[in-house]
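Should a chain be cited, it is by its letter among A, B, C, D, E and F, assigned in written order, with residues numbered from 1 in that chain.
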Amino acid sequence: MEKFYSTLFARQQAAHDMPSNVRIWEWARDVFRLMFPERNSKKLLTVEAVKATFTILENELYDLLLNSKDCIGCDHREIVQRFFENLPHIYHLMLEDAQAMLDGDPAANNLSEVIRTYPGFLAICMYRMAHQLWLDRVPLFPRILTEYAHERTGIDIHPGATIGRHFHIDHGTGLVIGETAVIGDHVKLYQGVTLGALSVDKVLAGQRRHPIIEDHVIIYAGATILGGNTRIGHHSVIGGNVWITSSVPPDTTVFHKPQIQFIHSKVDR
Amino acid sequence: MEKFYSTLFARQQAAHDMPSNVRIWEWARDVFRLMFPERNSKKLLTVEAVKATFTILENELYDLLLNSKDCIGCDHREIVQRFFENLPHIYHLMLEDAQAMLDGDPAANNLSEVIRTYPGFLAICMYRMAHQLWLDRVPLFPRILTEYAHERTGIDIHPGATIGRHFHIDHGTGLVIGETAVIGDHVKLYQGVTLGALSVDKVLAGQRRHPIIEDHVIIYAGATILGGNTRIGHHSVIGGNVWITSSVPPDTTVFHKPQIQFIHSKVDR
Amino acid sequence: MEKFYSTLFARQQAAHDMPSNVRIWEWARDVFRLMFPERNSKKLLTVEAVKATFTILENELYDLLLNSKDCIGCDHREIVQRFFENLPHIYHLMLEDAQAMLDGDPAANNLSEVIRTYPGFLAICMYRMAHQLWLDRVPLFPRILTEYAHERTGIDIHPGATIGRHFHIDHGTGLVIGETAVIGDHVKLYQGVTLGALSVDKVLAGQRRHPIIEDHVIIYAGATILGGNTRIGHHSVIGGNVWITSSVPPDTTVFHKPQIQFIHSKVDR
Amino acid sequence: MEKFYSTLFARQQAAHDMPSNVRIWEWARDVFRLMFPERNSKKLLTVEAVKATFTILENELYDLLLNSKDCIGCDHREIVQRFFENLPHIYHLMLEDAQAMLDGDPAANNLSEVIRTYPGFLAICMYRMAHQLWLDRVPLFPRILTEYAHERTGIDIHPGATIGRHFHIDHGTGLVIGETAVIGDHVKLYQGVTLGALSVDKVLAGQRRHPIIEDHVIIYAGATILGGNTRIGHHSVIGGNVWITSSVPPDTTVFHKPQIQFIHSKVDR
Amino acid sequence: MEKFYSTLFARQQAAHDMPSNVRIWEWARDVFRLMFPERNSKKLLTVEAVKATFTILENELYDLLLNSKDCIGCDHREIVQRFFENLPHIYHLMLEDAQAMLDGDPAANNLSEVIRTYPGFLAICMYRMAHQLWLDRVPLFPRILTEYAHERTGIDIHPGATIGRHFHIDHGTGLVIGETAVIGDHVKLYQGVTLGALSVDKVLAGQRRHPIIEDHVIIYAGATILGGNTRIGHHSVIGGNVWITSSVPPDTTVFHKPQIQFIHSKVDR
Amino acid sequence: MEKFYSTLFARQQAAHDMPSNVRIWEWARDVFRLMFPERNSKKLLTVEAVKATFTILENELYDLLLNSKDCIGCDHREIVQRFFENLPHIYHLMLEDAQAMLDGDPAANNLSEVIRTYPGFLAICMYRMAHQLWLDRVPLFPRILTEYAHERTGIDIHPGATIGRHFHIDHGTGLVIGETAVIGDHVKLYQGVTLGALSVDKVLAGQRRHPIIEDHVIIYAGATILGGNTRIGHHSVIGGNVWITSSVPPDTTVFHKPQIQFIHSKVDR
């Protein structure tokens, strides 16, 4: 056992003195709540208070980065500045996403319902914030943010993915979007869809391994689309549970024509 | 940026002063715990204390509704009264569900295990409470309740769905039950099952878009059943990963006869 | 209503005075954090403090067991002792798992990222701890531990399953591993894979109902493998969405050759 | 050190399994807040909710007593019942006290200010509740309640003291009222007053050791009145810093005529 | 009992919907901590973040006032503005007070020790903030602030008192400064000093009832100085336990020449 | 205002990165609770767990010291070691104090009551721990510990004071014991007693300024004893409110023979 304790102690010592996941989550959640006060934000009575809250959140991100030893070469101040300068644009994209979810789901009654209760909305918002940090090569934080959403929603979007505007997710549990996937505008994805890699050979790190989904594509529940050379053409519809590893031209409906067997099996009851 | 702040400020001002999701969740969780003290309820030593705790929870629901601006026309007092009058019946249904999960799973050892650890049990209980509020047209609350369960279990049941007695869910992650689905008694659903809509055109809002599942049906993992005209007849068994968009007569076993290819590929190791 | 209150009161009285789920989770989480300080552990400055923290966690497990009425016959002290004696070995297995996840995922950058953000890592670690308690026939605790991981990750591993070394899970949402499944070394599983039972007849409790997966098998997203007599031979690859209910010889690639229909459907836009 | 650890361990084992001070305080604080909602009580919307909250607090007291090993012979149920049956009367006394504090202090603006901010009000309320438990010979709890008030206000009233109606305390820091003191109605006490014992010989336990203060007496800051045979007659006024160890007839003003020396000491500045 | 419940229910309904004491305290504590980061403030990395934190605290005060029904006629916005415009001046006074406490106490080592551990410093700071609100006739808040300090320090300063610069309190427990007291600059007060009223007749509300203490006065422990016509001249020293009800000229040392009796009482031991 | 912000910002930057008061308190409280489990300690089931908890608390003190920039030259490890090596002795002293308080107060029923509810016990325990750190010249911590007790009890003992065995405090509010006071064994002090300095000239820092109290002395409420040359001989009794600035021989009873005036003032009622 002594050796075990020594090992763990060594690990304690070596452990990068990074901010905890919880603290990073809380920062992201607070940014999110400030933009969508329906999500339990504190009441702010003046424009100045809104602005000041952003300044506090800038301060917090700055402090998080400073305490993040992995990012020693980073120009933390610029990263913070860029993040918050881009936030109005990101916010605009989030609102478009919420609207897309409202328009695309007959069960949705209003924007407030989408913002407060749609897991897809939480997931895409966390992705959009994480992606901005990813673009600035901040290590680890982006993954922590999207994993926060994954834990709560079952929707696993890699922060490196590229996702267009008016993005719609419904239900979403089990949805996976890989690191190098590229998704156009007005795309709709349902639960259990995988945009994955054909091979997960480690030597492929850095290369494109995930598909391209063009504009106005709909992909139904459980469909699996794999490979860096796979491109789903615009305005195509991919049916549920379909398995695709090569490209699909535009304006195509692809559906699974399952071999289903029916057995009548009335038994005594 | 100033325009961004103004926009967010306007949103702050316009935001309905609704109770937070957290507060609504806590109320539902407390009702749930009172009925199933295995789930960490406070110890109550007399029948009077049980009754009093319900009165406090009535008070809380009443206060939540009063503070819920969307529900201005509601007769809050009647909604509260009906909810708690129906609770003994709902509780009875929940116990039947727990028993069904115990009976249907060889891995389950006793009712206490089901109540404490089965995600399906949490999900159906939250649905049953949410559904009662849905019937009384309470806005938003029912969705918040079922989304609470969705976040914790990956089981996404719309509060508008109609679900019969002795309902069994196993594992459950990725299960989706749509707003207008109708499910009979003694139905068993596994993980990743979708009871969804064929089309999600917004004009269909209010119409039935999801299937009917009759009594004693079993639907295995990953099966997808779509459409408002699709009816799965009683005592049918739907195999895993099956994709169904039209009705199935009673006493039918439907299974996916997959085209599977086997390639022997022994390589040097 | 009075009868309802009496029923609930009786339930209160009968309820085993068990430690709450939350307290059991916190114990497991603290053991986990002590081994992986990247997960927010308290800073410990000496080997003695590491060792002492284990002693405290031993005390807590001991107290949890003592307060767990179901386990009245248990030799609690021995259970605690065995758990902590086995922990260095379990820890070694966890590190191998983390390494396997890093090696097998081109998107992973380093071990710290895997430990902090991979849901599969949390799930396998909770399973490994729960399994040790399962082997010692501790009731309920093991299920509470794996359900803790299930709630956070969507990965549902029964504590009774047998899982080998260098286990790799990617994404993982919807993954189900049944009670009597046996998994070899160097196995990779993706999201939505089910290792389940063909039948869930209650009389099968105690018998083997779930498949055997030999060494070096890869099973892609959404594949379903069922039955206690189903054995997937070593070095086989099971494609996504495949449905298997009988054995597969070693060195075999099995893939779903879907019947997919393409319809070109260009419409006026 | 090993012996030290063993000693502490023995103490752990021997320690009565009593409810913690914090839990007892919280109970008393909740009773207090229910009667004086200005002190942060939860909002209650119906009379039934008020009543139910009392029932919950009865349940809590009952549970506290049951877990209090010292009180093994107690008829806990009767103690609880008597406490809550007497509460309306106690409440009435508290309101009279608040009114007396308002009437007696030119700086007080309204009853709400007294209830929310007067330490004397908190202290007398905690005493009145503690005294009821004292009369029922509940061990330890009464002291825990008055010490709660002592910690917050610097006012140390022994729960065994007998205090009449319309009791006024101003400022109060340092006020001490001993176990066998008897105080009439309409009495006013200021900060630093001691109603103490002349001797603290342990053999006096159980005997009257503290003074009697008759109705309408005012005792100013820092006065010390000692002894079980000391009686301050009604309508007397005891000046600040006075030291009294024998009785004072009614309608008497007692004041300290200090020997004060004045030295003019102008120095260069 | 029913009548008791109804009474409490009526009180619930009538209770002004005021912010809780706790929320008001937290605001004051946060302002205090921002000015004295030694007292556990959050780390702020830029001047902008400091400024923003003030804006948030302005927002909070504004919200507190808006929710304070007693203050319906108040121009809340102006009150907030004036409070924060005066804060730099108040801060300057606080620093002077801290310096006075450091200079006047041989046991004090540095300013940081005074700020972190001197109860007198907390008390004077809370008074200075409360007094600003008092000048603006905000009801109840000022008392809540000074009572917060009273509870923690035993120092009871009425927010209406007028206190000059370089104010020194040592130990402080039991110190009372009445509503209409006026205190000059460079005054030192020790524990148990009372600056009180000779009479507490309610008709005196609004009149001056407490003494005037001129510059450079020192008042030792336990001294009591009473009355609105009592003026302690500058550079006077008032000895411990002295009782004064009339004025003292400048440059005077007043001390208690106690009649002390010594009895030699050697007993057998 | 900008200048104010800059000033505060500079203060932020300059602020020593010290552990917060709260964290230091929690450490001391945890040590205290471990020794007196009546004060809400966690239940420990083995001697090893007791020992381990001390190791954790050693770790915490070590970490606190390491993060305490003022103590840069300290040999932290030795300080920690000495503190915990002395703890058994300190514990023994604390038990003697508790016994002295039980023996000396007719109102005390048993040791458990003293430990759980006597403010004097909390104060002397915090002093004894603080004094050990003081002897090791740890800056600031000792003051933070005794001020913690002062805030809760109104008893202000400087950590530099020297206090003998079997120390008895009753009530205690307002008690002040200065930095260089020396107190023998079997001494009893009541509320409002001051052992202070005659002069507080800053140049006296480091010199003895406070009295010596020999063994078996009793000092009643409100007595004030001042000066570094003042020595109260053994077995003396100092009466309440007495003011002493010179030495008192052994075996002497000193009491205040107050000039009290009685005025009969019967008025019409």
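What we mean here is this: contacts are C-beta pairs under 8 Å (C-beta built on N, C-alpha and C of every residue); 3 or more make two chains touch, one makes a residue touch a chain.
For reference, the UniProt names are A, B, C, D, E, F = Serine acetyltransferase.
What you are looking at is a predicted structure, and each value in this text was computed from that prediction instead of being measured.
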Touch-network distance, subunit C to subunit D, counted in steps: 2
If I superpose subunit D onto subunit E using their CA atoms, what angle of rotation comes out, to the nearest 5 degrees? 120
Same or different: at the subunit D/subunit F interface, is the fraction of residue numbers used by both copies above or below half? different
Pick out the pair in A-B, B-D or C-F whose interface repeats that of A-C, meaning over half of the contact pairs match by residue number. A-B
Centre-to-centre distance between subunit E and subunit C (centres being mean Cα positions), rounded to whole Å: 59
Length of the line joining the C-alpha centres of subunit A and subunit E, rounded to whole Å: 53
What whole-number Å value describes the gap between the mean CA coordinates of subunit B and subunit E? 56
Subunit E touches at least 2 other chains through residues 43-44, 46, 51, 54, 154, 173-174, 192, 222, 241, 256, 258-259
Taking the top-of-page definition of touch, could you list the pairs of chains it picks out? A-B, A-C, A-E, B-C, B-D, C-F, D-E, D-F, E-F
Subunit F partner contacts - residues on subunit D that touch it in the complex: 1-9, 11-12, 15-16, 18, 20-22, 139-140, 143-144, 147, 150-151, 154, 156, 158, 160, 173-174, 176, 178-179, 192, 194, 196-197, 200-207, 209, 222, 224, 226, 235, 237, 241-244, 248-259
Of all residues in subunit D, those that touch subunit E in their complex: 34-41, 43-44, 46-47, 50-51, 54, 85, 87-88, 91, 103-107, 109, 112-113, 116-119, 152-154, 170-171, 173-174, 190-192, 221-222, 239-241, 256, 258-267, 269
Would you mind writing out the residues of subunit D in touch with subunit B in their complex? 43-46, 48-49, 51-56, 58-59, 62-63, 66
